[in-house]
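Okay, got some structures for you below.
Look at the two complexes coming up: chain A is in both, with chain B in one and chain C in the other.
What follows is the complex of A and B.
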């Protein structure tokens, strides 16, 4: 009987001692942390995509709570709902957040495109890019080995049967990871409501472009002349649309009519069935 | 002389189609394309414009940056274009195109007979710089910089690299047999510039005729001629130094750090021509070979001759080429068009028929270790390829010494899983450079 008692007392004593040490340490070495950081982190989407410019969701949460200069609308995947919520929690004004959507600026199917050579190397766009800018004759077009698809953390991209990446409307959050992964800069982030878009990325001169690809922008500038609102500018032999002007003013969409190669098209977010894996 | 060599590979040399053939002087090309960048360093700056009439040996593009090299007209004629043209290494590069007038006249004041023994080293260096001479072994580093070691570094040995370890290539072999006197004079000029007495010419022992000819010609000059074992990559600077001198170049350092300068035999000939006769670097010997070539030859070609013209001089292609390569089959650069010009670093033009190309699907690394045995630098290519596959670039650089790899290709050659190890390594190097640049 006494053995049981002794053991109980000793164990209780040991437990009490360490309990007190831990309690004292917890008081003495406590780290002050704003509880708001955890609350903000909880509502962020946790894609860890880095579109905000911080190392991850936790880093952004800390920055937006502690630094008054960090805007509450930097989380692009979170869109307006999260921006408003973060603004409310941190007491900042939620600025407008422009919706963004990944857009592939090349429509020339890999399967039928003219090639310089048969690529036999490792299946990675950046690796193919080392070899004379990739196998396609057009040095600005999509290589089609899918670095963008692998970079997407939201499962929003697949390669279609033509070898080009397609963006899934429901999953794309606009984080831009695919655009960073593309060695040729074929992917742009645009407003999903934009009425028109240029389906070409080539800066080559007109005559050369025509030889390389039938559906490329040849830089003739007809679309720019047609547009009554100056929303289209010619940069390096390529038409560039400022979609904010289109959204604000344009109703008639006259730029499409005279394009000789149909490189400028009405912009449609690809329908869901196109983005099913092939 | 040596025990069993542990590094490298010993592929079929395939040198027999051309090694017995004398260097043929080329027909004059109708048109030459001269890229402003044919060397390591900054591109040179064109000083002629479209429409100008130029003569052979005239300066076309000037080296403005400290590490750069002059480019000269290689035929006489009219400048028809100064624009971006296909380039065998860079893909595209600004180039000066000249259409021949058929006269092939020398520019005034180019050809001068000089007694090089009366010149001092600084004057010789200036001549080499003016003549646009770069390392003709393939690396194309400007020679005037390599021959002017920074003060404080001591050079005790000059090695003349005549190993020519790449299969198929026989240009250096023929140069030694046919231009023996110019090679020796070139070596003596380099000796004078560097002020070294210890000179060794390293020749692989599959070219014993060249060893004999060179040894005979070098008798009495103090130049030593050594036969080195035939083993790829014997002709890489670092392996040749190790074989001849038993010295090892430290990681990330140049041979200069252990007192050695290495020059190619072709470069020695170019130096001799420039210093003794005033001829700038306007032509080089190129081996045109491979199973798809009708009649393989060693050609003396004007720089800027297109591959198409060079192949035509060898009777054209007898079967469609599966692969076209500038340089040797192991380290050369694959080409997609025959419109590219022969540049200063082009030691060979190889066109391979379908059956000569070993391609196939790659499979995962089976960890057999063949590549570790083959690597002349003692690296672990298998891990480098796996890290490259997963884009773990930092680990490859810091723990697996990515940048000690000279991309000789031994690992890829021996890999039973057909892994594209060199491609992974180049990819990792590129990624690392991009990250460093940010």
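What follows is the complex of A and C.
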């Protein structure tokens, strides 16, 4: 019995001693840290997506508080609310933050596309990409093995049953992790309010595009000619929409009507069960 | 002098804690994926082992032995090392922020590691005096750093190799660790 008592006393003593030493050390060696850093870090979304260009939310909070040159609007997932809040807390001028949204620039799922070969390797776009740029005949289209879905930390992407990634509008924060993960660069970040979008990523010449895919942009430029405000430009045989011009000036959508392949479509954030491309 | 040198070399290569005594394997495999991280880990472990073995020796000889409670050695050492590492982290954070950036995360990882606990325990078990304890601890730390840096270098090379899928990752790491351990076995018998 006395042995147990001795042990208890000794261990309690040792524990108390180290506890006191640590408590004293904590006081003595406390590092002065701007308390604002913690406050800013708390309001950030904590997706640790790195869209701001820093190594995670804590690093950005520290930088935005301590460095006057770091803009308060770099947190893209946080959108305008967080940007305003960070600006208010750090006393910086609130800047505009353009809403961004992941958009898959390909409408031909791998299941129905023409293929060079049957890919039977590991289910990873980058791995398939190594083999002759993927199984699709079209060198620019979605491979459909879901690297973007796995890259998304906000659960905003799913593969639909045809094998095209679909963006869930409620969860997408526009951080761009999926766009980075895609070896083909099929995913673009666009303004979710854009009236139209080009559902194709191919830079191939028109004749070749037609052979590869029925619904691709053949680069004819009819849509660009239709647009009265020059919002559509032809770049490398592909129509490119400058949605800021659309949002500013467009009153009536006239660019869609004459597209021979329907590669340009109205763009509202597509619902989850996006229909199969025709 | 030669006695200490032999003790040091013995701790580094012959009784290498990772490759012949198989302690500290979790960090040995966990942090050996790239060279920089493993070098940082090696340094952190060396520093912590060396300093904590001093405290451990003092605690053993001036507290545990006089009170006749040497059966509490292990648990007291655990407490001592954990608190010491905590304190070291605070001090490093305060005075050398750069070192803290490099080490900080490893320091807390090794707070309850078996290498760090094993060295002081073996020191008191072997009845070393203070100087010998420190030399042995420092040698053990260097040995650990050597092993983990060797391992990390091998694993960095391995990334370019065509490893069979069934062995990829940890599997082949274990095989390499085995080969390293075999080669370190060659040192045994060098010192009588």
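Just so we're on the same page, the second predicted complex is superposed on the first by the 243 of 278 C-alpha atoms of A that agree within 3 Å, B and C clash if a C-alpha of one lies under 4 Å from a C-alpha of the other, contacts with A are read in each partner's own complex, and residues count from 1 in each chain.
One rule holds in what follows: a residue touches a chain if its C-beta (ideal position, glycine included) is under 8 Å from a C-beta of that chain, and two chains touch if they have at least 3 such contacts.
The structure displayed is predicted, hence computed values, not measured ones.
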Touching partner for A:260 - first (chain B), second (chain C), both, neither: neither
Partner chain in contact with A:22 - chain B first, chain C second, else both or neither: second
Touched partner set for A:228, first chain B, second chain C, both or neither: neither
Chain B versus chain C as contact partner of A:14, first or second or both or neither: second
Which of chain B and chain C A:120 touches, first, second, both or neither: first
Chain B versus chain C as contact partner of A:31, first or second or both or neither: second
Touching partner for A:6 - first (chain B), second (chain C), both, neither: second
Interface residues of chain A shared between complexes with chain B and chain C: none
Chain A - residues contacting chain B, complex: 116-117, 120-122, 124, 126-127, 130-133
Interfacial residue positions of chain C with respect to chain A in the complex: 67, 69, 72, 75-76, 79-80, 83, 86-87, 90-91, 93-95
Contacting residues of chain B [partner chain A, same complex]: 91, 334, 336-337, 359, 362, 389, 420, 423-424, 426-427, 430-431
Complex contact set, residues of chain A against chain C: 6-7, 10-11, 14-15, 18-19, 21-22, 25-26, 29-31
